[in-house]
Every structure is written in C-alpha cells, then in structure tokens.
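Each of the next two complexes has subunit A plus one other chain: subunit B in the first, subunit C in the second.
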Partner chain A sequence: MTRLGRLTRRFGTLLGFLIVILFFWFNLPDTFMTARNLLNISQQVSMLAVVAFSMTIVMVMNDFDLSVGSMASLAGIVAALLFSQGSSVFLGVSAALAVGLLGGLINGVLVSLVGILPFVATLGTLTIFSGLAFFVSGGKTIFGRDIPAAFSGFARAGLPLGTLNERPLLLPNLTLVALIVLFLVWLTLEHTTFGRRLYAIGGNREASRLAGVRVRLLRLLAFVLTGLGAALAGLMYASRVASANPTQGAGLMLDAIAAVFLGMTMSEEGEPHVLATLVGVLILGVLDNGLTQMQVDSYVREMLMGGIIVAAVASSSLGKQS
Partner chain B sequence: MKRLFRLSFSLALFILCTAFAQTVAVVTPYLAQPGTQFMVEAFEAAAKAKGWTVNVIDTAGDVAAVISRIEDVVTQGVDAIVINVDPAQVAAGLASAADANIPVFGMDAGTDAMLVTNVTSNGYAMATETSSYVVDRIGGAGRVVMFVFDAYPPVQKRGVVADAIFGNYPDIEIVDRITPDVSDGGIADSRAKMEAVLAANPDAGSISAVWAAWDQPALGALQAIEDAGRGAEGIVIVGIDANPQALDAIRAGGNFEASVSQDFNGIGSTTADLVERYLGGETITQATVYVPTTLVTGANVGDFVSQ
Partner chain C sequence: MPPLLSVQNASKSYSGNKVLDNAWLELASGEAHALMGENGAGKSTLIKLLAGVVTPDIIDLKLNGTPIQIRSAQEAFVLGLRFIHQELNVVPQLSVAENLFLQSVYPKRFGLVDWRSLNKKAKTMLSGLGIEHIAPEKKMARLSTGDKMLVKIAAALLGEANETASVFVLDEPTAALSSEETGRLFELIGQLKTRGCAVLYVSHRLEEIFALCEHVTVMRDGKTVASKAISETKQSELIELMTGRSLQQVYGKRGESVFQDVLLDIQRLESQKLKGIKFKLFKGEIVGLAGLAGSGRSELLRAIMGVDASRHEILLEGQPFLASSPSSSWEQGLAFVPEERRAEGLVLSHSVANNVALPHLNQMSHGGVVLKRRLQAKKARALTEQVRLKARGMGQKVKELSGGNQQKVVFARALAASPRLLLLDEPGRGVDVGAKVDIYTFIRQLSQKGTGIILASSDLTELLGLCDRILILHEGKQVALVKAQGLSQAELLGLCYQTKAAA
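What follows is the complex of A and B.
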C-alpha cells in the first residue's frame, strides 16, 4: 500500500472532522468558531464523553456494555430520590456512584465469571437497571424543590476564564469533569500494566491467558469501571436538567458506541483509543451544534449523523482492504 | 467533497436571504405527541403568515438535549425561542437565553419567571365545565365517584375545582375520591378500582356519576360499568382532554357523556401572536395566557373527529 493511502486511512476521520469544522466555520462565520460556542459544545458533549470514555475501556477487550444508558438513568434516580428524602449532596452522589460500581460488578461477574456473551449479559442488565429505575421512582420525574441547588448549580457553574462581550466566560464544570475522566482513562489504558493487558486481551484472549494474564479478573474490573463511568454521566445529566427521570440516559448508549467506533477508524489496528474516542464524541457534538445553528431539520440532522458514522467506518474499512 | 461545498454555498445563500426576517426557534422533546404536533403546526402556520423563519427542533424525548439546542439557537442569535417542555428542567438553557437577552415563550410549558409568558389551557376552567355538567345532569343530587391525581399539579388543579363545585350542593355525596395507579397508563387500574366501587354499591341507582380529572380513568370506569351490566342505570361519566378514545366513547352515546377539548391550534397561534406583540415592543404582563377550551358532548362531538 502507498504511503498516502496509509495516511488517509489513518487520518481520514480526523480530516473529515476538520472538513466539518471548516464547513460550519464558513457557513456560520459569526457564531460557530467563537470561544463561547466551543465551550458550549464541550459542555453539551460532556455526558456523552464520559460514557464513551468508559465504554472505550470494555471495547478495548472487544467487549460491549449495552447497560450504560439505563445505568445513567438509574444513578440519576437514586441520587434524586435520596435528595428528596433530605440526604446531603455528598451522600446522594456517593450512593449513585456505588450503584454504578455494583451494576458494573454484576455485568463483570456475568461476562467474566459466568461467561455470558457481553451483548446478552448487558442487554439483560440494561432491562434490569431500567426496570429498577422505574420501580424505585414510581415512573415519575423527580424535579423542583427535591433537587438541591448545590447539585443543579454544579452543572451551571464553571471556572471563570474572563469576560467576553461583557458576559463572563466560563469553563463549565461538566467539561472539567469530562476532562478529568479523559485523563484518568487515558492514563489507565495507555500507561498502566492493567491497561496494556486489556489491549492484550482484546488482541487475543486465549494467548493472553496462556501468557499469564489474569483475564477473568481484568475483564471484571473493566466492567466495574464502565459501570462507574455510566453512573457519573447519569449524575452529570441529572445535574444539568435539575431533575431525574427513569429514561433520561437511554440515548447515551448508542451514541457512545458510535463515538468509539468513529474513533476506532483512526487506529492502524482498529483498536479503540480514548483520545480517538474523544474525536468521535466531538464529531457528534459539533454536528449537532452546527446543524442546529444552520436550522437543518431535526430529523434530517439525525439521518445526516447516521450517514456520516457509516461513511467514516466504511471508508476506513475499505482502506484496510485495499 | 465538491458536493459538500455546493451544499454549503446554497445554504449560505439561503441564510443570507433570510437574515433580515424574524427567526424563531421552537424546541421540544415531545413532537411525537399529537397535542404538541397540533400546537407546533399552528404556530408554524401563524409564523409563516407573519413572514418569519421558524426552526422546529425535536430532541425525541431527550430533555438535556433541549438545553443544548436552546444554547445553540442562542449562539445562532435567533430573535425568540418557544419551548414546549417543563421550564424547571431546562433552567440552564433559559439562563443562557436570558444572558443573551433572547426572549423565551412557553407553549403549554408551565409557568416560570424566566419565560415571557406561557400559553396553555386553564385547568380550573376545564374542571368547572365537567363538574357543572355532572351537577346539571344529576339535578344537583346524587352519589358521585371522583378520580383524581393530586401528585401532578396540572391535574390537582382540576380536582380542587370539582371538590368545590360538588361541595356547593348539599345533596351531592362523594362516594369515593380515588387516585388510580397510572403506571399502566391509567385505564386498567381505574377499571379495577371502579369494579370495587360497583361491588360495594350493588343497587341500581346507587351511583349517579363518575367525575374523572382526565380521560383514562373515565374510560376505565366506563369499561367496569358496561362489563358489570350496569350500563343502563344512567351513570353519567365525564373526563377531560378529549383524547381520541374518549371522543369515540362519547360518539357511541353510552355512559361517557362529556369531556373537554383543549384548543391546541389556538395555543400555537396565540403563542405566535404573543411573540409578535413582544417583539413589537409591547410588555406582556400575564405570566400565563389561557386559551379557551370547549366542552365536548354528543351534540358537538362530530366537530372534533379530525383532531
């Protein structure tokens, strides 16, 4: 294969992303490439980003976690229910994260110890977590005075970066959280033995096992981390909408998988890497933001986004065959 | 690639051409629901007549995405935003609109200090219509079963009014004030509750009417009464909302006699008028603007088939 071919294959998605950005910049000269809008996009994608980063951890091993969306809903509901009974923000948040850990542990046990295919196991827990969220909340949205201002205020605040056009410019707290998760997942996957072994498992599970990698334990731990990440994203969502509803995280799962796949097109070996996942998340977020500003019909926007995902993965796959 | 630029060029031209008219964004997670559809279509029609550009954004149930899309249209710099979602849940988006001095209007959204106004139906008035209908039909005397739902504020309002009106007649006795379990949609549990009430009041004529705060319990009660073979006792059933199933029941001419139809088209076009008045410099003093509703009975049910 030619050098050029290899480069387009590896960087085709990144190039596509740049074209998308230039396209919006050209069409929305006054409003797209502004500090405020970019910070805005970073906040809008923060919840999806946290789910996608956590999803990357299991996808490194060629596994999936379909339950992340319903875990996000459940975590939001657990925190909101505790708030409505007068718990502190700390207690509500801790309990929700504990639920995430526990849910992830259940997924890990089912996949790794019991040996159920991740698709089937997490499809089952998806339904269980979703049912549980409906059950404990009675199907109702928890909002209003039940949600403490300290919790909902978190998503509306940020680090002051200065003022622009006489309005304060903030680095949103939700963006900060996503950046911290990005750093932690990057550190874990790329710079720890644990992370490298997950990649080894993804490469060849049986060979890893024979080489002395404790495949079962590591897979289990990876699912625990993904569950924790999903719960964190659910809390971020609940804080942003100042309410919790038993279905509100449902849309995160497919978008997160799409983001990881978009990122995988950027890797020589087709492996997921968390920085590439970030590009995938940003592509989805920028498309949403730009197409909305250009007043593209919501349903056309959805079709375009699906089409772009398929096109990116298809071009990368064709590139690999040639 | 080439096509992408051609598309972008034509879009840029389009945006340039429309830059001088008013641009209004309508953001809702509920466009799949019939009521919302009627409102949005009526709003679009009214806005088109005024020469505005309307951008309708549906987030398909995702409330956080409503906040994101509000932020996007604020960045885009629209002249006004219309929302059809609980304002308390999208406060972050409303705050960004307020920062940019872009007015936000509620279209059947809920009253909120951050909205210029909210256009909706008057729950008190709707309950007045159906409770008075019951009082008149039973001649101010009889035993009434109520279905209420006080946990949900818009429905709680309806119950309060019915309590007051029935309470004004010493010869009206409330047999039971039932809160059905709505997790199954409300019909099945209401039916079970009504069956229990019928079993406890077995004599013909011991129940005069069923007043339901919305249509589902009324439909459940209707099923219970018909299946118990007590459809000929003249029990009067009323609901609120005039959903398609309720309209069918009223048209069939059985015990389900009346419901109230919200004027979703009116809510949409009134919202457009209020946006126009506000952008024209007028101060809107009412935090909520009510659009009249219509009592639906066998006499006028034919007018509502199309909705």
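What follows is the complex of A and C.
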C-alpha cells in the first residue's frame, strides 16, 4: 500500500470527525462552535466516555463486556437507595463502586476461570444486573429529596474557567472525572507492564501464556476494572439527573462498543487504544449534539449514527484488505 | 500387466529449490505400498501432486497404462484417487450414516428423509467392510479418532455410483490411533486390497510397514532412492536408505568437558501422556529428546515448563522445583522456545521489542508497574544483535520477518533472562540454513556458559550434531538415554522405532 493510502486509512476516521465538526459549524454558526456548547458536549459525553474507556481495557484482549450498561444502572440504584435510607454520600458512592467491582469480578471469574465466552457470560450478567436493579428498587425511580444535594450538586458544579457574557464559564466536574479516567486508563494501557501484557494477550493469547504472562489473572483483573468504570459512570449519571432508575444506563453499552470500534479503525493493526476511543466518543457526542440542535428527529438521528458507524468500520476494513 | 498407477519423472521446484527431482512411484493393483522418507524428503509434495493440490513442473502419470493428468482435486476424485489425512474432514454434528452418504442423495419417503432405510443402507455397507461395531445412528463426534477414520475410508469407497475408488492414499493414518484401532484399520486395508485397490501408505513406523505392505518406496532429498519388495529388504536397510547422510559441519564442535554439577534432576514425572520419566541434566549439557511423532517429546518440554499439568518430583540445582505454570517457570530461570513459532511463540502483530521483552517486563519497569520503554528497546536491541537478527529496527512488526528471523526473536527472548535451563522444541524447523547455523552457534555458546539445554527434535541430524546425550521416548515412555557421540543415525532411528536389532 502506498504511504498516502496508509495515512488516509489510519486517519480517515479523524478526517471524518473534522468534516462533521465543519458541517455543524457551517450549519449552526451561532450555537455550535461556542465555548459553552463545547463544554456542554464534554459533559454530555462524559458518562459514555468513562464506560468506553473502561470497555477499551477488555477489548484490548479481544474480549467484550456487555453488562456495563446494566451495571451503571445498578450502581446508580444502589447509591440512591442508600441515600434514601439516610446514608452519607461517601458511603453511597463507595457501596456503588464496590458493587461495580464485585460485578466485574463475577464477569472476570466467568470468563477467565470458568472459561465462558465473554459474549455469553456478560450477556448473562447483563440480565442479572438489570433484574437486580429492578428488584432492589422495586422498579421505581428514586428522586427528589432522597438524593442529597451534595451528590446531585457535584454534576452541576465545575472548575471556573472565567466569565463569558457575564455568566461564569465552568469546566464541568463530570468532564473532569472523565479526563481523569482517560489519563488513568491511558497510563495503565500504554505505560504499565499490566497494560502491555493485555495487548500481548490480545495479539496471541497462547503465545503470551507460554511466555509467562498470567493470562487468567490479568483477564480477570481487566474485567474488574471495566465493572468499576461502569459503576462510576452510573454514579455520574445519577448525579447529573439527580435521580436513579433501573434502566438509565441501558443505552451506554452499545454506544461504548461503537466508540471503541470507531477508535479501532484508527490503529494500524486494528487494536483499540484509549485515545482513539476518545475520538470515537467525541464523534458520537458531536453528532448527537449537532443533530439535536438542527432539530433532526431522534429516530432519524439513530439511523444516521448507526450508518456512520458502519461506514467508518467498513471503509477501514476494506482499506485493510487492499 | 501395467501398474495400476505409475508416476514417472515427477519434478517440482519452489523458487529454484528442488523439492522433487525426477521422483517415481509405481503402484500395483491389490497391494499396499509404503512410501518412506525423512521429513522434507518430498513425500508430501508427491502426494499433493497426486491430489491435484500442487501443480508439478514435470510429471508423467499413467492409470492402467493410459496417460492421465491431474489438475485439480476434482479430477483426482473422478479418477478414483482417495486421500485420507490425519485431519479428517467429517461433519461431527451428523450421524455416521449421514457422513457416509454426504455426497449422495439420501433415500426419501413422502419427500422426507427416510432415516430407517438410510441407517439400514449404512449398516449393510459397514458390515460389508467388516466394520460391525459402529452404529450408523451414532453422532460422528462421539466416535474415536480411529473409528472416524474407518467411516471416512468407507465413505471414500462409496464415492459416486459410477466412479469407483481405485487408489487410496493414507498419510500417517496411525499417528493418533490406539493399537486396537490400528488393527481394525489394517483389516479394512486388507479388504481394500482384495477389492483390487492400491493403497499408498505413508508412515514412519517400520513394524507397521513390514506387517502391512507388499512393497516399499524410499525417498530422500526429493528423489526416489529405492523401490523394493518388502520381502527383499530389512529394517536397517530402510533406515540407511532414508537417512544416508553424514553429519554436517553446521553443528559446531562438542566440548570436551566432563559434566559435574547436576542442574536438573527429574526424579519422577508422569502425566496423561508421559510415564516413567527420570533423568538428570548437568550444567552446560545438551540433552536431546528423540522419538517418533506422538512419542511425547513436546509434551515432556511442556510438562517441565508447567504448560501442561503433571505429577512430578524435580530438583533444580538441588532445590525442589514445581512446574506449576509458565510464568513461575520463567521466574525461576527457565526459558522456552515452543514448537509452533507463530501460534505459540510470537505476537505477530507486535514489534520485535515487545516480543523480546514479553516475559521480562517486570525487570524493565519501575517496581514491576510502570514500563521503562527506553530500557525495553535498549535491551531488545542488545539481545537481537547478539542473535544477529536482521530487522529494520526494534519497532518492526514480527510478522514482516522471515521464518529464521522470527525464530531469532524467540531466541532473543529466551536469552534475555540468562536462563539456567533452556527448553527448545524443534529449534531448526522452518528456518533457512544461514539462520540455522546462527541458532546452533548460540545453543553451543549458551551451553558453554553453563546453561542446561533440553532439545526436542524430529531432525536426527540436529540431535546427533548438537546433543551430548539423547533421551529416546516411545509412546510417552522413556525407553533409553544414550551418549550421542559415536551413535549413527541408523542406530538412533532404530532406537526410536524400538527395533531389537538396533537396540
């Protein structure tokens, strides 16, 4: 393949992203490319971003975690339930994260020690977590006074960046959380022995095992981290909407996988990298924001987004064949 | 009477490399004909020509005296040639009867499959071949390997109504069979002979050939070196015909040193596939593992490395050693070069540096956590220079390298920890001669530094050239441990085949 061909294949997705931005900029000249809207997008995608970043960890090993969405719902419910019984914010948040850790551990045990295909194992736990969220909440949304102001206030606050048009400009706390998770996952995957071993497992599991990589342990740990990330995203969601209901995380899983796939089109060997996942997340977020502002019907929006995902992955796959 | 199938002047080169050079073969109707030779002698290429899978440069083929051509697998099938490989193409989800009649139309009743008459037809056919113990309703997946092979041969016999099979080619059919299954297979081959078919039988097992075949053709270096009636030859002659080469200079000089310090003391080792393993390896010694396919060479290495579970009592430099997992073995100073370089050795899509460093990431990091990338690249560079790797740089993807250079990457990885014990499985396989010499040089250098080496190989020249002692395995059992010096290839092969004459 020519050098140019290789470059367009690798950066085609990025180029598409720029075109999308330019498109909205042109069509929404007053509202799209403003500091406030961009910060708004960053907050809108922050929960998806956290799920997608932690999904990247398992997808590096060619595994999947389908249970992240229902884990996010469950974590939100657990925290809200504890709040409604008068627990402190610290206790509620810790319990929710512990549930994420435990759920991830269950996924890890099923996949790595029992040896069930990740698709099947996490499809099972998806259903279990979702059922559990309904069961413990009685199917009801927990909101209003049950949610302490300290918890819901977190999502509304942010780091002051200055003032614009006499209103303060804030870097939302949720965006900050997503950035911290991004940094941690990037550090873990790209610069720790753990991360490099995960990539080796993804490249050739048997060869990694024979070269002394503790494949089973590492796979298990990776699923734990993904579960933890999903729970964190669930908490962020609950804080943002100041309520929790047993289905609110459901949409996160497919979007997260889509974001990782979009990112994978940018790497030479088709392996996921968390910075590329970030681009995937931003593509989805910008599309959603821009199309909503252009008052495109939400069903049309879905079709458009699905089409763009398929087109991006297909063009990258065709590029690799030639 | 002309031979049933005659192959003359068969030649085939791959990029100037002659793999077949004027080879010839004649099969008579009603006989089982053995085809023998070392790995790389050209047997499998010859078979592939017959199967229509490989196009020959030159070949003269005659079937019943009539010139024929085989340009595709389809043509080979129409001419009545049938090939039974070790990997059987059966449909495991379907029943025996269905597998038998897969290529023909199932009997029908009211437009639906008539299972009863299908099973009855299958039963008649199987018993006609003397196979009465396999029920036609049974799922193929539940059959043993041997029974699957019997069904496969029966299905091949069936063929299409107007095309009867006349030549059967069996490629190492007994490699995975028990002796009882082998007996059944031989009965079926007897049936084929009485029907006037010719059976070309490829095997390394000498006793089988003397029990089964009427004729034997031996190949070496792409040429047919002899073709004899089995009654006019004997095992030692066949062994000499197959090997027939003197030791080459490539293996380097064996040290004169006397080994004193015991490195590895395997007092007992047993697993599903191994029993009665017990030997000592000295520091700086190279012990070879010899044996036929399926004798347990690779299994023994994998057991010591902790890849496969085994019950064992092992001392490493006097300390108890537990082979529990590859990771703990690497940590205790073992290094492993596995047999399947691409499937088991390398992460092909990753860089040279990553592949070399993989087992040693902890030593190249801050406290085992944060990787020191620069150190990783530096160490990889030093090690790959040592093994004379030809690569563009440490960042080059391993899949872009030649087979020999890929093997050098696996070696560089093994060297990185300055191992106490190095386990090598087929180190010279699929490696060009230049890289081979480099690799053998390294094995020598390492042993001179005191590393103990266990080397499993199917290449007898390699074993005799490199090793100080050779341990011979037969069906998972340790049968002999002999000094390599002064041993001839014929003697070693004899030991592998467990013939009385050579032992």
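The criterion applied here is as follows: the second predicted complex is superposed on the first by the 322 of 322 C-alpha atoms of A that agree within 3 Å, B and C clash if a C-alpha of one lies under 4 Å from a C-alpha of the other, contacts with A are read in each partner's own complex, and residues count from 1 in each chain.
Basically, a residue touches a chain if its C-beta (ideal position, glycine included) is under 8 Å from a C-beta of that chain, and two chains touch if they have at least 3 such contacts.
Because the structure is a prediction, the values reported are computed rather than measured.
On the superposed subunit A, the two partners subunit B and subunit C both fit, without a clash.
In the superposed model, more residues of subunit A are touched by B than by the other of subunit B and subunit C. In the superposition on chain A, contact is made by A:Arg214 with subunit C only, not with subunit B.
Contact with subunit C, but none with subunit B, is seen for A:Gly203 once the two complexes are overlaid on the shared chain. Of the two partner chains placed around the shared chain by superposition, subunit B is the only one that A:Met294 touches, whereas subunit C remains out of contact. In the superposition on chain A, A:Asn40 makes contact with subunit B only, while subunit C stays out of contact range.
Touch criterion met: A:Ser152 reaches subunit B, while subunit C stays clear of it. Angle at the C-alpha centre of subunit A formed with the centres of subunit B and subunit C, after superposition on chain A: 130°, rounded to the nearest 10.
For the overlaid pair of complexes, the smallest distance between C-alpha atoms of subunit B and those of subunit C rounds to 33 Å. Across the superposed pair, subunit B and subunit C touch subunit A at no common residue. For subunit A in complex with subunit B, the residues that touch the partner chain are 19, 23, 26-28, 30-32, 34, 36-37, 40, 43-44, 47, 134, 138-141, 143-144, 152, 155-156, 167, 237, 240-243, 245, 247-248, 251, 288-289, 292-295, 297-299. The touching residues of subunit B, counted against subunit A in their complex, run 1, 4, 8, 11-12, 15, 23, 31, 53, 55-65, 67-69, 71-73, 75-77, 86, 88-92, 95-96, 99-100, 151, 182-183. Remark: subunit A residues 187, 191-197, 199-200, 203-204, 206-214, 269, 271 touch subunit C in the complex. Within the complex formed with subunit A, the residues of subunit C that make contact are 305, 307, 325-327, 329-331, 336, 338, 343-350, 354, 358-359, 361-362, 364-365, 368-371, 373, 397, 413.
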